[in-house]
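Scrolling down, you'll hit the structures one after another.
Below are two complexes that have subunit A in common, paired first with subunit B and then with subunit C.
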Partner chain A sequence: MEFLSYFSHVFEPVSLLLLIGGTIGGLILGATPGLSPTMAVALLIPFTFHLQPSQGLILLGAAYTSTVAGGAVSAILLKIPGAPANIATALDGNEMAKKGEGAKALHLAFMSSAVGGIIGVLLLIFLTPTLAKWALAFGPSHLFWIAILGVTVIGTLDSKSFVKGLLSGCIGLWLSMIGYDDIQGAERFIFTDALTGGINIIAALIGLFAIPQVLDMLSKGRARSAMDAIEVRHQSLTASFKEMVSNMRALSIGTVVGSIIGLIPGVGGQIAGLVAYDQARKFSPEKDKFGTGHAEGVIAAESANNAMVGPSLVPLLTLSIPGSPTAAVLLGGLLIHGIFPGSDLFKNHAAVAWTFIDSMLIGQVLMVIFGIYIANLAAKIAQVPRSILAAGVFILAVFGAYSVQQSMGDVHVMIVLGIAMYVLEKFGFSAAPLVLGLILGPIAESNFLQGSLIAGAQDGAVIYFLTGYLNLFLIALVVASVGYAFWSTMTSRRELEKSQKSGLMR
Partner chain B sequence: MRTSTKKFQQIASGGTVLLVAITVAWLSYTREPASAFLFPRLISIVFLALSCWNFFRAVMGMARIGGGLDVTSAMHITPGLVVMLVYVFWLAKFLGFYVASSLTFFVLLTLYDSGNRSELSNWAKRALITAFFMAIMYALFAFVLKVQLPRGMFI
Partner chain C sequence: MKKLIATLSLSLALATGGAALAGDYPDRPVSVMVSYGAGGATDFQARIVTMVAGNKDALGQPIVIINKPGAGGRVGWNWFATSANNDGYSMAAYNVPHFIAQSIKGGVKYSTDSFEPIANWGADPAVVIVGKDSKFNTMQDLVAFAKANPGKLTLSGAGLFVGHHIAALQIEKASGAKMVYIPTKGGGAAAMKAVIAGDVLAGVNNLSDAYRARQAGNVKILGVADLQRNKEFLPDVPTMKEAGLDIDNSSVNFRGLMVPKGTPQAIIDKLVAQVPVMFANKRVAKRMKAGGSPMKIMNRAEVQAMWKERKAFLAGLLKGL
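After this line comes the complex of A and B, so read on.
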């Protein structure tokens, strides 16, 4: 129960202010279509530089939690999911809003988000220290395989094409090697002066997540976006609470599904809402009502989205493997503050780690309070024209990238990477594995070199890296993640061909 | 988009990635000291193998993921992209960060705003939005974060 003693840190004035600011800002950013939670967290990282590590993480954690929930506002009132995680929410939430039950849908979304989120964070609290102790048994070879596993899992599960997902991971690993080698001081892949110090992770994160979204907004040209928010009429909070409690089955399904999906490295929140929605429909006696404005749909989807957030940090804080793309960005935030996830986290940085986790618990409560009251305002802000959003995000990205090291070189790297990522995304490549390769590359390399030195003094690299139960288990996981992705790609392709054929026959 | 254009784009993107992989592998295996390139060599082999496979699939017309770039989107992006690049690579240092950023923000807004460009009120609205946004940025970076931004001809 160590976590209880750090709650007081969260209530320190600056920390509390950051938590509230992060929650409100996250809700507004989450509600704004085109601004993903991952991008919001990436843009916030430069600001955390000027804060204490725990305060910086409080801000990032609050933004992560509330952007996911904030996406429900635009999903319900505009039928445009603020983030991919809110796709399932739009199915019933918008129908409820059309029927004049917008306030009820918003209440249910935020309340079930909080229930799911709190249970998810509790899982994080109880699982993380245990797994972190287990991680003590890891040597350089295991840590090398874990880093590789992180890249392959997110590369294969987060991408539509497993080859392109893995290739994205390889590009990230290569980018991480640019600069001077740590041991020999040798120049590696330095093509221009801007790359002398290597690629700064924060500038890269901003470029890879923000610039493609800016370009995507610009690609729509001057067309006016037809987004009219549905007006919300007052609804009693008690009635909404009773409604949520009466739909305990959907709430439980959403929470359990979200927690499990969050624990699986790389899967992320995108699918948690959809899987929970599907399961809630299957188990519901009122299956036919789903999609017509049924409360169960909103509850299941939103509880799953936020239940995923806490568990997605379990593999991140223990093994450096993020559970979602946003968690990958959070890993970057941890590393820039000199905090390395793993067995030492709760020994050397216990105050930072527990304050961060505790703040996420309190953040869930704040999210409900502010979410319900600023939903209308957030919906109005969500209608900000694309041109303002694109120009604003771009300027913020430039200022953020520059402020990290006060270097124009970082800004150049940021924009070049961003444009390249936009083009790569158009061909099925994905930013998440690339970022993970970039972040985990140095961890993989240092452990590979350490392992090679140990292996040189023992039985050789092959035996050191490829034998032993733990090594074999991790290698099996790497192979299984690639194998599963290959199998699912083949299955979906066969299904697509079959449906195309049947379409032609008709 | 026509199938042949899509296939050509997939081949071009696959070819570019393959070219990068070949360069990385070549540099990894030819540069010294070898011990500094131990890890790059390991990664470059996997990178090269996957790039070859990706390129082969594109050539055979098996690469179906990703719709590629379409002309309309490219036409829409180009003016904005030019403004962004001019700002980042030249204007920011020449004019100073705040002036260049204000100009860029205003130009981007004007280029992509759906409002009528012949109406004076729209120009005034865009100028006001730019001033408001830049005031926030100035307050945030100059006063709160105390970041020294490059000064050019102006501030």
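After this line comes the complex of A and C, so read on.
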């Protein structure tokens, strides 16, 4: 309960101002396409040079949590996921916004972010030493199986057809191979300079989600039906809160999945939202509603991507190993003040560490307050005529892709992928499984290669990859996931055939 | 006559214009490209050593860090060699031996001739680390195990053809024992995690990161691949030479600033005079020490000599690999 005594530090005038500023700034940066949480935190590092260590960390921590949540704004309203964490939010959130329920989607996003976020930070507070051991348990063979587990999700994610979902995933896996391979030193499919470093995930995200949408809006032209403004429904806070509480299942699935995945170094927040979304759908009685603007989808995705923030700091604070790029930047924020994270961090620098963690709890609450304030304003965006919105989204897409690393090559990649995705969508393929392939490919590949090298020096690949409790447990999950996908497609097909037959008889 | 006056006035304008260019330089913020991601050691140190650039006694203009990560640094340096402006407003951080080794292996658009060094700020030697519960306590233990079990000693490192890889190659060559070098995708942090978690038996890592991991009680440091012991951070850790391995400082990760070839000499001269002063600022030194990052300020001539020496050495080491 030591953390309670440091709450007063958070409410010191300068600290509180930094916390509020960091939260508002983080929401705005997070809502800007192309500015990932990592970049936002890196941009703030120079400001912390002049602050006390704990104040600097409050600023960075507030920015981290609120940029992750802020990414939901552009994902929901514009279908541009600001970061991989927000992909799953865009799937149902944007459909809700199109129906005029943008305010509701944003309310749900911020509220479930806060619930997930607070639980994640509480896990960080109470279970850190235990969790740290867990984080270390995942070696290359386990990370490989986790990536494969993710691949099995691909087929059922946001697409009507299992086969087309798998095919989209394969395209994503192939795209992830482009570039220089860091482990074997091979150059693959590099025919232009823009591809030397592989396909940048954020540029790809923007292209795959935003560009087909822009083309779609433009192709509908100025037809009268397209000009009809959508009625934007006002949403009361109590109604949103009740809605969230009534979806307890999605909320708890999101929080649990996010916390577990956040803990694993190197996998992190990129897939937490997607995996939680998929699990929430599998356990939902209203499976078919997912992808059509279903509240459960937004709640699961957003609670997961904020629940991951707290546990993702466990390896950093206890072992000095940053589990994600954002954690690496936070490590820099500690180091410039001569604070070395490690098992004795909470002994040697208790005031700094606890104040930082407490500020993340209070930051979650502030995030909801400011997030909801902008939600009702921002939701009006659905009233903008399509032709104008299309132009606006396109400008933001170009700006976002460029700002990732000041590279025109990324903009070209974004546009090419976007146009290709527009064509693929016409044939019933969808972007989410493709992106998941793009994210999981490198994780599976590099861990397999590393594992094989290590296995070569030990007892061989079979023993390394296929024995040990954790490996077997993960393999069992993979088998269960594949089995479930087969079983559910078979039963739904059988039902379809049955209903077709009875339709014919009538 | 008119023509002569016109020519004269034109050349006068050009001459004064040229002088004004160097005289006013810099009149807007200068960018420094880092070819590794935000949060990495190079990025972190670059942000610290450039933080006082806006001061009167430094450049008088702030420095902005731009990250262009990918392919072990190749993306950023390719861009810098081919597309960066050579007007003095585009600088970049270099990592030796990384970019020199990459240019020797080929497939990139740069070599030491593509860049003009300005000054060096840091030197981070490679060290050999093992987990805190490892049975190895000295370099001798490690080498004896590798000799008795050829191909069984796994060593993690940040990637291919970076300082860690060079050090691993040198250790293998000097000891004559066959080892397995495991490059990681996530850089030095992932290589460190592999050692602490026991995924590998040992690892090569940066002195600064290893020092912190030892402070945190997670690793033992067996040896440092440098000519002298590091008195500031690791006075108790022997050099490779002391441990009986004939290894020099070729794997030390030198970091500094450079500009592209073709940058006006007047601007280079100005930077060469001012950048080392900026590195030597007391606040910079304090922050670098706090972060456990060893500094080594070298002027342009010293860096040019170091580049040349590394290039010759690496060409020999990497031959036939």
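Throughout what follows, the second predicted complex is superposed on the first by the 269 of 506 C-alpha atoms of A that agree within 3 Å, B and C clash if a C-alpha of one lies under 4 Å from a C-alpha of the other, contacts with A are read in each partner's own complex, and residues count from 1 in each chain.
Keep this in mind: contacts are C-beta pairs under 8 Å (C-beta built on N, C-alpha and C of every residue); 3 or more make two chains touch, one makes a residue touch a chain.
Here the structure is a predicted model, which means the values were calculated and not measured.
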| item | value |
| --- | --- |
| Which superposed partner A:39 touches (first subunit B, second subunit C, both, neither) | second |
| Partner chain(s) touched by A:183 [first = subunit B, second = subunit C, both, neither] | both |
| Touched partner set for A:412, first subunit B, second subunit C, both or neither | first |
| First, second, both or neither for A:218, with subunit B first and subunit C second | first |
| Partner chain in contact with A:454 - subunit B first, subunit C second, else both or neither | second |
| Subunit B versus subunit C as contact partner of A:139, first or second or both or neither | second |
| Touched partner set for A:321, first subunit B, second subunit C, both or neither | second |
| Which superposed partner A:83 touches (first subunit B, second subunit C, both, neither) | neither |
| Shared subunit A contacts, counted only where both subunit B and subunit C touch the same residue | 183-184, 406 |
| List of subunit A residues in touch with subunit B within their complex | 47, 50, 160-161, 163-164, 166-167, 170-171, 173-174, 177, 181, 183-184, 186, 188-189, 215, 217-224, 385-388, 390-392, 394-396, 398-399, 402-403, 406, 408, 411-412, 415, 419, 423-429, 444-445, 448-449, 452, 493 |
| Subunit A to subunit C touching residues, read off their complex | 38-39, 41-42, 45-46, 49, 136-140, 179-180, 182-185, 187, 193, 196-198, 200, 265-266, 315, 319-322, 325-332, 335-338, 340-344, 405-407, 442, 446, 450, 453-454, 456-458 |
| Residues of subunit B touching subunit A in the complex | 9-10, 13-14, 17, 20-21, 24, 27, 31-33, 35-40, 42-44, 46-47, 50-51, 53-54, 57, 63-69, 72-77, 80-81, 84-85, 87-89, 92-93, 97, 101, 104-105, 108-109, 111-114, 129, 133, 137, 141, 145-150 |
| Residues on subunit C engaged by subunit A in the complex (per definition of touch) | 37-40, 43-44, 47-48, 51, 66-72, 74-75, 78-79, 82, 105, 107, 151-154, 159-161, 180, 182-186, 189-190, 192-194, 196-197, 199-200, 212-213, 215-218, 287, 289-292 |
